[in-house]
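As written, the chain order gives the labels A, B, C, D and E, with residue 1 at the start of each chain.
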Amino acid sequence: DERKEAHYIVLASTTSTENSGLFSAIIPPFTEATGISVRVVAVGTGQVFALSRRGDADALLVHDAAGEARLIDEGYASERAEIMYNDFVIVGPNQDPAGITTAKRATGAFARIAAAESPFVSRGDDSGTHRAERQLWQATGIAPQGEWYRVLGSGMGPTLNTAAAMGAYVFTDRATWAAFDNRQDLVLLFEGDEALFNQYASLLLLEERHPHLKHELAREWHRWLLSEEGQRAIADFEIAGQAVFTPNAQRGTDRSPGNQ
Amino acid sequence: MPDTDNAFQAALDLILGLDPTLLGIVALSLQVSLGAVLVGALIGLPLGAALALWRFPGRGLVVTLLNAFMGLPPVVAGLLVYLLLSRAGPLGELGLLFTPTAMVIAQSLLVLPIIAALTRDHVRSLWDEYREQLHSFGVTRLRAMPSLLWDARFALMTVILAGFGRASAEVGAVLIVGGNIEGVTRVMTTAIALETSKGNLSLALGLGLVLLGLVALVNATAYLVGERARRKLG
Amino acid sequence: MPDTDNAFQAALDLILGLDPTLLGIVALSLQVSLGAVLVGALIGLPLGAALALWRFPGRGLVVTLLNAFMGLPPVVAGLLVYLLLSRAGPLGELGLLFTPTAMVIAQSLLVLPIIAALTRDHVRSLWDEYREQLHSFGVTRLRAMPSLLWDARFALMTVILAGFGRASAEVGAVLIVGGNIEGVTRVMTTAIALETSKGNLSLALGLGLVLLGLVALVNATAYLVGERARRKLG
Amino acid sequence: MNDFCHPTTLLPTASPASQPLLRLEGLGFSHQGQTLLQAIDLSLAARGRTVILGPNGAGKSLLMRLAHGLLTPSCGHVRWATHESGRPLRQAMVFQRPVMLRRSALANLTYALAARGVPWRQRRGLAQAALTRFGLASLADRPARVLSGGEQQRLALARAWVLEPDVLFLDEPTSALDPASLRAVEDAVHAFHAQGSRIVMTSHDLNQARRLADDIVFLYEGHVIEHTPAREFFHAPSTQLARGFLSGDLLG
Amino acid sequence: MNDFCHPTTLLPTASPASQPLLRLEGLGFSHQGQTLLQAIDLSLAARGRTVILGPNGAGKSLLMRLAHGLLTPSCGHVRWATHESGRPLRQAMVFQRPVMLRRSALANLTYALAARGVPWRQRRGLAQAALTRFGLASLADRPARVLSGGEQQRLALARAWVLEPDVLFLDEPTSALDPASLRAVEDAVHAFHAQGSRIVMTSHDLNQARRLADDIVFLYEGHVIEHTPAREFFHAPSTQLARGFLSGDLLG
């Protein structure tokens, strides 16, 4: 109906979130509750920030702490709230030529891959996942280079397709991996290190910067994500019987009157 | 290639399933590509004809640029239109970003040079033949334009179909200015790209087959209409 | 649009910087697109001519399909080649995936229908004129083919440039079969897509301008060569 | 040879009836370094039928195309008289190799009428009448490009006829016609002339030239060799070349 | 009318010298429901010059294109004799509206020679000789499509000449020629004939037909009305239609 038509926000988010199918699970209950529809534009992390700076998105949901901080510093965003996390995993060929399954820590796993010079595919697109991977290499104390270290410039999905065809190791997030079909020879080889923690946050944009944006509706979305209802919807989302996102909103920071 | 077999299966399922979501995507795809072709042809046909008819200093440059713009990357076209329609851009007020209209605009940019450049050659060879006769009739170049386009219509049909092919196949531009928003700006090619990135290769291929079938249908219609008209002309 | 101003600045910097990485990308782009056009033309020109010359049952179908394949989405072409060359695929043994060769193969699939379909119309109108004379000379259709292609060469140049435009502009196919591997299979369009997804819009546009300039250069060369030859023919 | 040669403009001059209809002054035409027409000075009187004669490749068709304004001369001027009102003269031309538009025979005529600004309602009737006049009534709906050689030539004549030109250029208009059509076309030329149309034509049929011409322009290798009244040309050609041409000895 | 009409195949028959060179049996041609040629039965003897006469649109060009194998008849047969060896006869045709390839005049000839299988080394010499024979030597390098009407017709004749055909079809081959060229071409026809080429031609020039023809085929509205020796046709045409045609009264 007409009211619904005009009642929407544009949400900029990353491809990994969209690919996992999370939004198809949590947006319907939100729309049901508020009458607001959400139009998701899923693009690269850098592009999410570009869209926000130019005033083309009403809300954003990302996983790049440094980028988020910069957006707030520059005076584009007014509020950041942690919503949920999932974790990164290391995926690789079934035979595991570098033997990373037995590694204790993520840095150890990376060190073994580098030592064996087993093919490793990096996203190379400066996305949240790519930055996490770079940080992990730094923590390992290795500057990866050589024939075995392939730097692509693609989203998570295309990178997984490439890794599958090359039989290479790849650093990915659990949600995308769980939803990914074209695994061929790839299996999940390493998971569970604290260093692989992947925090997602929702940001509200500053009203003075872009007065035309639908700040009211965006705030409703933001609050709903933090609300019990929203957090439950995230927790309930499963891929093949497995929960992939863990809600972790800190109710304390949720200064939202009248939401209940 | 088991995936390709599955793709046929997937395509069949998609078609037989008559999924309303799919139907919506198909309809939007057609609407956007045909809209872009319409705009591209309305500008490109006269433009191509004009370049065949008039000689002016710098025509070589214009022709070269036009030919070069056949190689305009969809992503670049998308970016240009994005910057134009973005809130921070000059036409931001219109609020066209992430709407089908924006997609039509971006695709028109891609289709226009193809139609204009290819039209030029067909009109040129016809003009070589007609020029003196039409001059003798006292027909100005401006008034010759519609006559030439009409008499070259069978060949121009293929040119327009080439433009349609470009529009219906590209994904870079519509992705940027449309945003691939489910139910709003998702078209066949962006859906294919999405399924590919999810690793759903057979579904992606299946969607590709459906799209190709759709394009083939449009082409078949054009072919049949064209052949019938041509036959009437002897 | 400050971004577009920055884009020109970025393009200028890129060109003046003579960055060896950029040069490598430019060289690979040209190599892949020209390779695809070469393959596409070697098959597409005779194929288009054959469809203009021979009448056989089902020709209408073939023509329609060919026209439809002008709308083959690059992502689909890329997927098909990916499945063919992937290690699990029938040609996996060759180890061609993620090499420039794979990119040439995928782009040839895109270029071929365009060249063949558009060639057909030009050869057809020439054949309408030449047919009886060549038959009278005792020239078979097979031997007429090169003559017709030669005599239509000026118009076919634009057709080939259209194919080149398609090849140099597309990103979907090369991304899938090339993987956009830095230093190995990264070309201009994949670099542009990458910078876009990083949010580096002005760098992306700058790269787009460089690519367009490159394509324009190729087109200008073709135009000059063509006009000189045409002038000699009166 | 080409030492004094200016490019030209088409300059209409106000014309008392006595002034020439068409003046070619120092006209020359070259293409890619080859001089095809040179130093043509020619005045055509306001009335009459001029026949241009000359061997193949002499430049007859080029001369007519220059006069008709289809080509731009490399040097010299083409000066046309105008109507008293200052309105330019209506011209029409039947080409040596008529160009048939990709339409029906009838549509070829209505197209020409439309180009001349004839109102939509009158076109069809006028076109039908012209087709009938040239024996093509039964072929009205046939695509023009499949007509036989002679039929096409007649259609081209009908197309010129229907335009009621003040000046009519005919480039070998009867070369493809059967004897009866030839006679019909010669009658039509007489009729044009009677209506006051100025006729300029070429022909390789010397008998036809004898029958139709008031004056003869004899061209040879891009030069005007003679321009004399027809009777004089055929009975006492003043040049060796013309004598050779008339006797059929002069090879182009 | 079209009640008994079979499509055809081109069947060569072994031919003793006495047998006809070409037999058309019940030949018919229709296009989109219009019958353009009908019930043509015709035998052409092994030697001689046949001229096809008839008004515009009678079907002369169609008949020649059918005989030459360019069109497929809608009914009836075209039967050619062969050489004693069984090798088919070499044919060439000069079209009413010659088609010029987008090449130089010389290249138009060498192309035809190449098509006939003449070795590469000999082509240029043969082509030059033919150009000279038809007065075109100086135009060898000019693009064929800018040649004048008469020059193109001469080039088409040279192109046929150079192929040394056993059978030569000429469709109004002198319609655009000046008097001297006309004489030269008629001489060439005599020379072809003397060399044993079979000539089949059309013409609207009755004097030319009188000069050249051994026998006349008179076509009218798609029917063969007469096929008689030339002398007989011109002196005592047996039909009213032919008489009307000769006197220039018969409109096509």
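Here is the rule we go by: contacts are C-beta pairs under 8 Å (C-beta built on N, C-alpha and C of every residue); 3 or more make two chains touch, one makes a residue touch a chain.
Small disclaimer: the values here were computed from a predicted structure and weren't measured.
J.: Compute the shortest path length in steps from chain A to chain E over the network of touching chains.
T.: The fewest steps needed to get from chain A to chain E is 2.
J.: Taking each chain's centre as the mean of its Cα atoms, which chain lies farthest from chain D?
T.: Most distant chain from chain D: A.
J.: Where the CA atoms of chain B average out and where those of chain D average out, how many Å apart are those spots?
T.: Chain centroid spacing, chain B to chain D, equals 47 Å.
J.: Please tell me the distance, in whole Å, between the geometric centres of chain D and chain E computed from their C-alpha atoms.
T.: 30
J.: Can you pull out the residues of chain A that are in contact with at least two other chains?
T.: Answer for chain A, listing residues that touch two or more other chains: 43, 155, 158, 161, 164.
J.: List, in ascending order, every residue of chain C touching at least 2 other chains.
T.: Only 82, 176, 193, 196, 201, 234 qualify.
J.: Touching at least two other chains at once: which residues of chain E meet that condition?
T.: Answer for chain E, listing residues that touch two or more other chains: 31, 146.
J.: Give the list of chain E residues in touch with chain C in this complex.
T.: 65, 68-70, 91-93, 95, 98-99, 101-103, 111-112, 115-116, 142-143, 145-146, 163
J.: Which residues of chain D touch chain E in the complex?
T.: For this pair, the touching residues of chain D are 31, 54-57, 61, 96-97, 135, 139, 146-151, 154, 172, 175-184, 204, 206, 245-246, 248-252.
J.: In their complex, what parts of chain A are in touch with chain C?
T.: By the definition above, chain A touches chain C via 43-50, 124-127, 150-155, 158, 161-162, 164-167, 184.
J.: Per the contact definition, I'd like the list of chain A residues that touch chain B in the complex.
T.: Residues 10, 15, 18-19, 24, 39-43, 53-56, 155-158, 160-161, 164, 179-183, 210, 212 of chain A touch chain B in their complex.
J.: Applying the document's contact rule, which stretches of chain B touch chain C when the two form their complex?
T.: 1, 3-4, 60, 63-65, 67-76, 79-80, 82-84, 89-90, 113-114, 117-118, 120-122, 124-125, 154-155, 158-159, 161-162, 164-172, 176, 188-189, 192-193, 196, 201, 204-205, 208, 211-212, 215-216, 218-220, 222-224, 227
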